[in-house]
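Below are two complexes that have subunit A in common, paired first with subunit B and then with subunit C.
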Partner chain A sequence: MSLPQPRRETRLDRYHDLYAERTKGLKASAVRSLFAVANRPEVVSLAGGMPNIASLPLDPLADMIAEMVRQHGPQVLQYSGAQGEERLREQICQVMALEQIDGNPDDVVLSCGSQQALDLITRTFIEPGDVILAEGPSYVGALNTFQAYQADVVHVAIDEYGLIPDALRQAALSCRAAGRRVKFCYTIPNFSNPTGATQSVSRRHELLAVAKEVDLLFIEDNPYGLLSLDHDPLPALRSFESERVIYLGSFSKTFSPGLRVGWALAPLAVKEKLILAQEAATLCPPVFSQFVVSEYLANWDWQGQIKTFRQLYRARRQALLAGLAEHMPPGLTWTKPGGGFFVWLTLPEGLDSQAMLPQALTHRVAFVPGTGFYADGLGARNMRLSFCFPSPEDILEGTRRLGEVITEALDLAQTFGLTHALPKESL
Partner chain B sequence: MTQTSRPIVVLAGGLSHEREVSLASGRRVTAALRERGRQVIEADVGAGLIGDLTALNQPVVLSVLHGGTGEDGALREVFDLIGVPYVGSTAPSCRLTYDKALATPVVARSGVEVPRRVVLPHDMFRELGAAAIVEHIVNQLGLPLFVKPAKSGSALGTTRVETAAELPQAMVKAFNLSHVAVVEEFITGTEVTVTITDTGAGPKVYAPVEIRPDSGAYDYEARYTPGATQFICPAALDSAVIERCQDTALRVWQALDQRDYGRVDLIVNDQGVPVFLEGNVSPGMTETSTVPLAIEAAGESLADVLVQLVDLAAQR
Partner chain C sequence: MSLPQPRRETRLDRYHDLYAERTKGLKASAVRSLFAVANRPEVVSLAGGMPNIASLPLDPLADMIAEMVRQHGPQVLQYSGAQGEERLREQICQVMALEQIDGNPDDVVLSCGSQQALDLITRTFIEPGDVILAEGPSYVGALNTFQAYQADVVHVAIDEYGLIPDALRQAALSCRAAGRRVKFCYTIPNFSNPTGATQSVSRRHELLAVAKEVDLLFIEDNPYGLLSLDHDPLPALRSFESERVIYLGSFSKTFSPGLRVGWALAPLAVKEKLILAQEAATLCPPVFSQFVVSEYLANWDWQGQIKTFRQLYRARRQALLAGLAEHMPPGLTWTKPGGGFFVWLTLPEGLDSQAMLPQALTHRVAFVPGTGFYADGLGARNMRLSFCFPSPEDILEGTRRLGEVITEALDLAQTFGLTHALPKESL
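Now for the complex of A and B:
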């Protein structure tokens, strides 16, 4: 048999030796690949955090956008300033007023979703090895951004009211005592992703007091604040404190994620840096999208639309909580969020949600394993369940399937002595 | 061979855990066939598949479904039923090859070296007590061990076990993908993979591709992250060992009654003996897959090989 000559050595990636060191963590993931199945119609996906925008008034929106292009085409299809359109920044201040923020349009910087604002902030503040304090667990998209800039995430314990002030103080002090630079604390105060936990007003005051005491900056990420299902929105951290908080807002959950319009409200000096960073990154955030949002806010009952969203999510939350109560085996616990999109489920010791995912997909139900929400490998016993997208009927069916999966996993774990027999009553 | 004008249905995606890999394989195969001017229709597995196939004028199926019904012979049984020819091994061959619990003894009977192993279903652990069985496995096979699901691919659900305490968790991981798990002795050596094609003139065995993952384990990340694995073709082995690998792969191919194209994974142990790991009737065709690499390293074009295979299938 003849053999090819000469011997060829390849990595099937001709640029392998040229990549930056910070890309080393970017790897294919079996879990990510499993989500390719989760998007199939046969699967009830309790995994994705996609807003349910079916109730948006699509025909009037289409007319509004067409009219906008006809009337203002040369402007909306053109470049613009890096800070974003002034009219929209003024409107954003009205939106933030619903959470008692007294913001100035001059301090607002538009971004491609709040995700990009987080990226700009991280690149502005973080050197490799700097510490970012973050709730444990925390939003996976934020953790990915922090990792991309080689930050070292130190998780801070939470309870049902979010970040625990003492734990925050201890984390900041112990990092500094070890000679490490703590740059900021990242938090989602309302209906956190992934736990659904919300900081009470008194908790917010306590956290701000700790921030003053240990000289700490908060990044307040607030995509879900207006999706409060049981009460009026709570005042934002930024409403109490303007110098120690950079606030991130978004229209992704209250209007359209596809438009990618978010913003940062920052202290003056930070704002100036973010504008320069935005200019370097994109020249300007998408002008067309900004105009669409601005027209929507000006001409549509957007607060009424948010009420519609709340009704829709309330029914879905009810379905998920009812389904969990009915179908979960004993020994599990889960959060009962007052808003947002997510429930955080905790399995008995010895179970690994990531290992269960293939079996779940075989049963045609999907969730997000908990480990993705920690930078330090914790979360194996957790899973995030979202109630935002499927219909209430599908959510109920999804919990039934999930119950079967978890029951089988418990049986398997008990067979191998990885978990103990469980009490009959749910914890 | 006559060039077929029949429509080629490239079947990719599916509902298995390797859906994303399959879609990537499908994109590459489709592009290669279109490069040669062939009429290609991309399709996924779903309730409309049979209707779509029977509505076409004499289609030929090229399935790059990985895992599940795409690889275990079930779908090919359906193609036989509705009389649609397809590229690749027959349903019985797929059934045998895909199930590691069944394939390995068959391969061993053909004189190929196989790892010492234990094959057990989940029920057996429950009925007889896991602790005692686990203890005997470790006593019998030693450590380290390699645990894998009997039916799965892309290294999903596989674990290298260093200590006895890790074995239960590894078993659970494997049982999450398959009702039966295979526990094998861990063999150190050089991992190679051998591509075989048969475009009508008998099996052609390509040069073995040596696999050197940076992480040390050829797991999912190492397989599908471009650049994470170094491939050497032909493998950096003595020519006699290379020939032995090719002979072994051919013997596996014949023992499993494979057809058209496939891949055989081997590990060359410290004595230079190729040991069978697994066969594959629907190997990856992605940008980081070894079958296209082996074909191109031989100075051939993947597109040429694929059109020949399609033309051959069209005559069945």
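Now for the complex of A and C:
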């Protein structure tokens, strides 16, 4: 750095020369930058992924937490270990057992939301330039994390049952043949964000067979598994394979996101590294929050609460799908998820969801353009619509408004010709 | 990666080839790996840095939190923004004003403890091989974080008033002359961990003048500033200089560590990058915890509580210093801090605190060997002793036991000659 310059700064950011390379690609999450506008009360937001938590038992919860503070204040308000509270790790194993996972509390590592567990895993495995395989499209929050570590995300084709096994094999082998290091495949097997696709049980076995064949590690991210709306939860990838799958779980959608309590279930050697990484990142994840979750799991019918959530989300899913059927012009397709929060809509050729967003906001409806869910520029013809938060009535009204917006855009495109080059085929 | 191998694993860790370079240097914090042993009830632990929170007003706090959940449950249990809650950022500016900092709530970024703020800052600035200047010795948790990003820590000599300005200038210039990139200087100006040294006001001005002269950025980490035991808190570095100082604050020592609420106060351009980094790391820091801190600050005499903490820590400091004066054999020196939690003890030549630790634990007293607080192998003759947690009576007993251990070690060294090569001069 040069000797002192005159006080007047000629560049806007005096730290410009100091930043690490990894910050160059940091971009605001397309999802979150919408929030300021989309959260205005007159807007029907089909953009957010906020769980509908108004039905949580607030009075019993308040009493529970108050008692916890009175009886155990010096412990629940104190520093604790980086791996997380032992009792909660045991309870988490019981939660995971609902999806047939046979895990050991010693192999559970708590984190500040499962997002932070993914951050620690990425930190543990990824060098700049390493390849991460992921569904195409994939969860924008994960893509942001991978980009923060300068990974190269290679998307793998999916169908209605998620990752296509041949495509996965092909992607892994061709990357390696080109001399690139494939570190893991990131997947959301249940009600994937953003497509809602769910891997069938037979598909899970096929994918694990591919992973064994090409020696690939899976990161199984499963925030929505228990929010299955039509049938019982399916067995997790991790239930069939323990050494080749690192499992991420979360209480954000089954209890409360604001507590920031998630976890990784990892084989011993990886777990040890995650704990060290957690020490360096935070010293320990939120202790008070962990005890709140423990108390809730121990003292409340939390599985009954999940049933309540399922009912709420079932009604909302119904509203969204019915509204789309009623209000969308011809030429659109959309997924019909068996759970989770999201529907993935595909526009006719010539339309661009990102370009449509300002008009949508003027019509007081919000969605997330599809491009945020791809690392490689695809997704211009897609929108992610969420049904988790607004009321069924608002959702219906939202689809009406959205129908107007899309119809207008179609009319414009047909009247004035295509305003964009034909985007590549996207799901 | 090669084609499938026979099932029998020949190496213990099958992921060995997958880990990122940055994990190679990860080592368990010397402080934390002690905890399992040091926390046994029969051991007097002078090793931990756990704040003494038994005096917190648990009943009023329980009531406050319960009311918060009842009235605002859907908000305090929900996702929120990565920057943190606005009301808390305003309150934080009032807290910082006690140390003369004139900050803007817009420039505050919340984090999962100030440790996580330091992690985000390191992530924002540090490439592998970049130089970070730090006090010698410096806080082990920070050294772990810097190492996790493969930084080179260069220690700068200190005296009883902390960083020596000439040494700082010299370190910055000589690193640069050698073609190395010096990204920032990490400093704990108040009651530093581990030495307890505090920068006088005139020293602060001198250091800032050096920073301006050599164009250096400070990371000012200030968890203990309000725990000044003998006089009012001193004005922070950040109170004199806003563009060249990024300030880290925490509620861990003034309220509760288990909530994991800390923050960075950073200039605009840096703040924007920290928010993006937080999105990728966690989506958002713990929301529930932030509201708990807000309620506490708004509804309780939190400054009165800090007065209570000061009284507790004053008594414990007194016990430790009196105990050391009474029980230490000749040839030892130790610091006499004006606040914070720690005393830094220097053993006579020929003794090694790390080698002494097993014997200490047998004598049922724990301390932290000094080597953890240096990136470069120094510190073998030092111990960090904490006075924050045990009772004054236990602290006195602890110094008695420690005195026995050191006396025995001295006798051995004198009887059998030096068992170790003379360590370099350390403070």
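The definition used in the following text is that the second predicted complex is superposed on the first by the 400 of 427 C-alpha atoms of A that agree within 3 Å, B and C clash if a C-alpha of one lies under 4 Å from a C-alpha of the other, contacts with A are read in each partner's own complex, and residues count from 1 in each chain.
Heads up, the rule we're going with is that a contact is a pair of C-beta atoms (placed from the backbone, for glycine too) under 8 Å apart; a residue touches a chain by one contact, two chains touch by 3 or more.
These figures come from a predicted structure and were not determined experimentally.
Touch criterion met: A:144 reaches subunit C, while subunit B stays clear of it.
Once the two complexes are laid over each other on the shared chain, residue contacts for A:270 go to subunit C alone; subunit B is not touched.
In the superposed model, A:82 lies in contact with subunit C only, and not with subunit B. In the superposition on chain A, A:40 contacts subunit B only, with no contact to subunit C.
By the touch criterion stated above, A:235 is placed in contact with neither subunit B nor subunit C.
Contact with subunit B, but none with subunit C, is seen for A:416 once the two complexes are overlaid on the shared chain.
Residue contacts after overlaying the shared chain place A:13 against subunit B and subunit C alike. Once the two complexes are overlaid on chain A, the subunit A residues touched by subunit B in the first and by subunit C in the second are 1, 3-4, 12-13, 15-16, 19, 26-29, 32. Listing the residues of subunit C that touch subunit A in their complex gives 1-4, 12-16, 18-23, 26-29, 32, 35, 49-51, 53-54, 56, 58-59, 61-63, 65-67, 69-70, 73-82, 112-113, 115-116, 119, 123-127, 130, 141, 144-145, 147-148, 176, 182-184, 212-215, 217, 243, 252, 256-260, 267, 269-270, 273, 276-277, 279-289, 292. Of all residues in subunit A, only 1, 3-4, 7-13, 15-16, 19, 26-30, 32-34, 36-37, 40, 42, 352, 355-356, 358-359, 361, 409, 411-413, 415-418 touch subunit B in the complex they form.
Interface of subunit B with subunit A (complex): residues 15-21, 23, 122, 125-126, 130-131, 134, 154, 156-157, 168-169, 171-173, 175-177, 205, 207, 220-221, 223-234, 236, 239, 242-243, 246, 287-288, 293, 297-299.
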